[in-house]
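Note that the chains are named A, B, C, D and E in the order they appear, and that numbering of residues resets to 1 at the start of each chain.
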Amino acid sequence: MSKTTDRVRQILSWYSSDNPGVLNNLARLMNTGALAGTGKFVILPVDQGFEHGPARSFAPNPAGYDPDYHFQLAIDSGCNAYAAPLGFLEAGAVKFAGQIPTILKLNNSDTLGKLEPLSAVTGSVKDALRLGCSAIGFTIYPGSAMRNEMYQEIREIILEAKEAGLPTIMWAYPRGTGMAKEGEQAADVTAYAAQISAQLGAHIIKVKPPKDVVYGEEAKKVFEKYNIPTKTLADRVRHVVQSAFNGKRIVIFSGGETKDDAGVLEDVKQIAAGGGFGSIMGRNAFQRPRAEAVKLLHDVMGIFKKA
Amino acid sequence: MSKTTDRVRQILSWYSSDNPGVLNNLARLMNTGALAGTGKFVILPVDQGFEHGPARSFAPNPAGYDPDYHFQLAIDSGCNAYAAPLGFLEAGAVKFAGQIPTILKLNNSDTLGKLEPLSAVTGSVKDALRLGCSAIGFTIYPGSAMRNEMYQEIREIILEAKEAGLPTIMWAYPRGTGMAKEGEQAADVTAYAAQISAQLGAHIIKVKPPKDVVYGEEAKKVFEKYNIPTKTLADRVRHVVQSAFNGKRIVIFSGGETKDDAGVLEDVKQIAAGGGFGSIMGRNAFQRPRAEAVKLLHDVMGIFKKA
Amino acid sequence: MSKTTDRVRQILSWYSSDNPGVLNNLARLMNTGALAGTGKFVILPVDQGFEHGPARSFAPNPAGYDPDYHFQLAIDSGCNAYAAPLGFLEAGAVKFAGQIPTILKLNNSDTLGKLEPLSAVTGSVKDALRLGCSAIGFTIYPGSAMRNEMYQEIREIILEAKEAGLPTIMWAYPRGTGMAKEGEQAADVTAYAAQISAQLGAHIIKVKPPKDVVYGEEAKKVFEKYNIPTKTLADRVRHVVQSAFNGKRIVIFSGGETKDDAGVLEDVKQIAAGGGFGSIMGRNAFQRPRAEAVKLLHDVMGIFKKA
Amino acid sequence: MSKTTDRVRQILSWYSSDNPGVLNNLARLMNTGALAGTGKFVILPVDQGFEHGPARSFAPNPAGYDPDYHFQLAIDSGCNAYAAPLGFLEAGAVKFAGQIPTILKLNNSDTLGKLEPLSAVTGSVKDALRLGCSAIGFTIYPGSAMRNEMYQEIREIILEAKEAGLPTIMWAYPRGTGMAKEGEQAADVTAYAAQISAQLGAHIIKVKPPKDVVYGEEAKKVFEKYNIPTKTLADRVRHVVQSAFNGKRIVIFSGGETKDDAGVLEDVKQIAAGGGFGSIMGRNAFQRPRAEAVKLLHDVMGIFKKA
Amino acid sequence: MSKTTDRVRQILSWYSSDNPGVLNNLARLMNTGALAGTGKFVILPVDQGFEHGPARSFAPNPAGYDPDYHFQLAIDSGCNAYAAPLGFLEAGAVKFAGQIPTILKLNNSDTLGKLEPLSAVTGSVKDALRLGCSAIGFTIYPGSAMRNEMYQEIREIILEAKEAGLPTIMWAYPRGTGMAKEGEQAADVTAYAAQISAQLGAHIIKVKPPKDVVYGEEAKKVFEKYNIPTKTLADRVRHVVQSAFNGKRIVIFSGGETKDDAGVLEDVKQIAAGGGFGSIMGRNAFQRPRAEAVKLLHDVMGIFKKA
């Protein structure tokens, strides 16, 4: 543990209704890795094995079939934390005890059958404690016909996690029967998903980088009337962060599909410029050869450090 | 706490089957703010971030993106209470501890996807207690195909809340597959929704200002036969209040969409003239610049004070 | 509810590990009555009916046989709160709903038989919630052979109370088989009892005004070596307050046996001069004729206001 | 059920923190029998079979071996209620369904062995509900080394009974290792026991007629100083009733050992004159031949009617 | 979090039956402070306020009355962890969140009365989680008549703590009716207490530095027969460490009463030479002026670093 900086203290002050256990774990995330003390985050998430299947996830860099690989990558590259489903964490938690905060992603959705996307709860607060995790993660699909079930599920889990001193990271992915494809990453929809996550009590909110689209009919009128800029990714990130309690909830952005280094870094610059708190970078990290991945993550961290 | 007036005592006497904890919190709501002791209410509700999305809610007055803003607005304008979903309350509950009674709105419906409106339970009585709330709030949609699920849900929650000394405020919004658009704010429908809420055990009932429409076929015959007046808003408010146990349940009225000051105040005069117990004013308050909002709320309170 | 002053905010900051519900109730106690906003306390406790029997308690002023009397006295004299066992609170909680914060004294010891003093748990957190209380109270007897049972009992109750948003007031009375009579109010013993209460998680600690005695053999050496003054009551109060986390836990002092006005006020001046947070004044209040009691309490509050 | 009189209404108003179920049962007791509407009580209790053994209880009038006998006696004589242990109630509850309110005496102490008197919990709130009882009864022994266990036991049961709409009648018998024989019916001790019962949340308190003794050292000083009269039974009853929340808790008096008619009626006159709410008369009723018992009970009721 | 060294990995390998949560917290303790990575420990414990009373504990350096002081001292001097009872941790846990691992000392014994030493359970695993602790602490008194109650108590708590990922630190202090004064710190007794602690499942064992005494009759014979050296403290420490599973359980040594710097450092050198894993230094740290304390702790750490 390092000394807590003023910035970390400020961020913690936004979560004053939480107990010291939750604050301690939030601080732990912010006091770890290359970005320690900056209040910025780079997190390595590896749930694609469950979500997309093993070959789609790990064939590009077969070292990633091995659970140890990702722990080591997160540690060596100086990430704040490593997030994964139960199995991956169980496989490495003893070997890497004390080396990197972990986040138990405790619902997951497979894409094995041609089925409506829907997450199963595949872990518990008890699992998170026995595995020594510093936080839990949970995915909601706003726009899905099943959204309310997810909202209710996560509310009960958040309450239990809080009592055990664990903060919650919400993966907020708008999708489902109520949402056309072009809405999923629209600026208004992403901001709305961030707001819902914050209202549900999430401590950290993870969304996709929003696109220059405003999807909702009513939202469109408002964006036009009040000249809410959406042209650059930085503009849109700024709106999303503002929508998360005026920036008083930590919002981090995923990288999405694999891109070249320049593409990744350009996105990150925009995210940082827009006031984003960090990146959660999975495929763009673990699907690259290790040395390239470490270098890319360092470059990403460099951008956030300067922000 | 201030001395309880005869009027507050009279209102409390209508809830004599409740335990002292519930009465204490009802009294607390009535003993707070500019209307303390009058038995009248002006409540600031801010659940639109969840219900309509952040930009639609807060772009008109971007200060409202910040959860602290609404606590402070409710305090400074002399509201009886501030109502919001869990996240907004968590964000400010420590900072504003002891300064304004809060109401945890513990179900919420987003309008992000194009989906049947349906609320998820996003909070609990346990949350209300740990956040120091003075009441819980819950929305029902009479006329929805899912109405019975909601009625059953809230009954269980009311029972649990009562044991913990918390009164319940019912947001009663007729809508859904069983209800044509023009019925949603009809005089008979609004009165019916108030009656249902009272029968379900709500302590305070919040409805929209009814329009000069009688929607139900059977209701129409009765309204005509017995000359129930519906021409002015005051007439219709009177019928709704009568329908809530002959005025023995507190009924308050929302403002609905943003209007100019004159429009808001004219509505409030009619509500007060018809015997309404108060206004719950969200968008008409927090979407105005702060100074204007405080002035408008003071004017609204002035009308109720004279009533 | 009144606006929270800087002093109240400062006091609340010492309890930062508590949830907003607990802070809200602490703020409520500090925002009530003639001392609202000062961070000082005058509390009316009436548990003597149970502890000493009815005639010994109420014969001097027979109006006190009536439970309503004490509610009204606490309200009219401007106390921060009224503390009593379950029966007295049940008898008046509806009539006085919303008028004065109440504290459920949830263990009590009778002196009817000639038996070792030992408190029975005569109420619960559930009772406190249904009666609308703002805090719970609990007595421990450090020095008693049964002390550990009491410590364990109250720890479980504090944890349950915290979850329900209720702070705990500890009545700390050293006595019992391990403690000679002259130790019961010794300066070192009182300070030690305050320290134990704070370590057990009490939010407010109530002790008797310490006497100019140092009781423990080891303590005597330390008091001498470090010149800890104990001559005046103010000196001793200062040491007790320091012993409660360097003044970061609220410590209030009882009045003890009935005295004349001058005696009471002299004690209070010393308590205030020593940094005491207030007085909890039972017999010296309710055993006087009402007008005299109100006057005396006002005078006491006047002293704390100036402190 | 008959119309509730102003007096009954007044008595019910003292129990305003209770739910309508409890009030309903209290009203049922007061609206039954020859004393219906007066707020006075004559109750037939038959727990002596358990407490003293069958022959000691029923040999004087062998009809009393039969459980039906007591139901019929209570009905025919116009009692407000019949109180008994579980077995007696089970034996007659169907046959006499709807004819007389019953009270399940749910702890009992046998005197079969030479053992410290101590009651066992021999029934439950669930039993009371399935047997259609209108109240539960419970004995405490203030002054016993086990008093605290009893106080805690009854508090938990009262809370459960209240939720089920059942009021509690406390049999308060000071006795045990901390109490000399002459203290058991002393005026101060009886008043203290009534106070404890009221503070524990009892709705109706049953004590023995106090004797002209003041037992406690401290109490003696107070009785002398404030000239509390104890010469006549009426004096002493007055003090006991005052000690039960200034008469705001119902206090009834047992008859004790069998006496002649004149003795019984003289006691009752004094009890009525002192403001007692009634008599609970067991052995003096069921150990007499039926006709005599009915007559005596009628005479007793006559006295309370005139009071 | 820092990279785990080979030594830390080796120590963790001795606890392979524990879950990753427990190992993670053990690693956290070993990866913190000036001794991070060495597998050595210096822990600051401050439970003397509860155990010895406030003046005896804090008068020598009055800054220590303030709970913040000890958190800051532990952080600034580079301790591995800070151990304290519930109240002290609650007071600072939010302010120092993320800066130092904390250990909830969850039983405590006061010395206020002249009573048999016996610890009360004053905290729980639930408390440790909500306060963000990295371990729990528990005291046993081998040799006490109550030892078995303590052993059983801690076994249940260890099991619960393990499930929550929390390791246990055992304070093993032989004393009580079965143990003469000279036995309390005897070499054989200390080694025996360490063995018992290890057999009970403690992860870290804290004992007093053993004296050159062999207390047990049978033990004496064995020490002589097998020439177990006890002349130097290093000799005795070596025997104690060997007795804790041949050094496969972490054993740390307290400093005991305040000494001068030379005395403290000489002891520490011997402890280090004997293979002790570290020191737990309370009074010798917090009773010195801050600058001296920090310097002394640094010197102590310097000795362990070189060992």
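Assume contacts are C-beta pairs under 8 Å (C-beta built on N, C-alpha and C of every residue); 3 or more make two chains touch, one makes a residue touch a chain.
Because the structure is predicted, anything quoted here is derived from the model rather than measured.
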item	value
Neighbouring chains common to chain C and chain D, by label	B
Equivalent interface positions on chain C and chain E, same or different at half	different
Pair of chains joined by more contacts [C-beta pairs], A-E or A-C	A-E
Angle of the C-alpha superposing rotation, chain B to chain D, to the nearest 5 degrees	180
Chain B-chain C separation of Cα centroids, rounded to whole Å	39
Chain A-chain B separation of Cα centroids, rounded to whole Å	36
Inter-chain centre distance, chain D versus chain E - centres from mean C-alpha coordinates, in Å	59
Interface hub residues of chain A, defined as touching at least two other chains	16-17, 19-20
Chain-level touch network, classified as line, ring, star, complete or other	other
Inter-chain touch pairs (all)	A-B, A-C, A-E, B-C, B-D, C-D, C-E
Complex contact set, residues of chain A against chain E	1-4, 8, 12, 19-28, 30-32, 75, 89-90, 93-94, 96-101, 126, 129-133, 163-165
For the chain C and chain D complex, residues of the former touching the latter	49-50, 52-56, 58-60, 62, 65-67, 85-91, 93-95, 108, 110-115, 118-124, 126-127, 131
Interface residues, chain D side, partner chain B - complex	16-17, 19-20
List of chain C residues in touch with chain E within their complex	14, 16-18, 142-145, 147-149, 151-152, 155, 159, 174, 176-179, 183, 188-189, 191-196, 198-202, 216, 218-219, 222-223, 225-226, 228, 239, 242-243, 245-246, 248-249
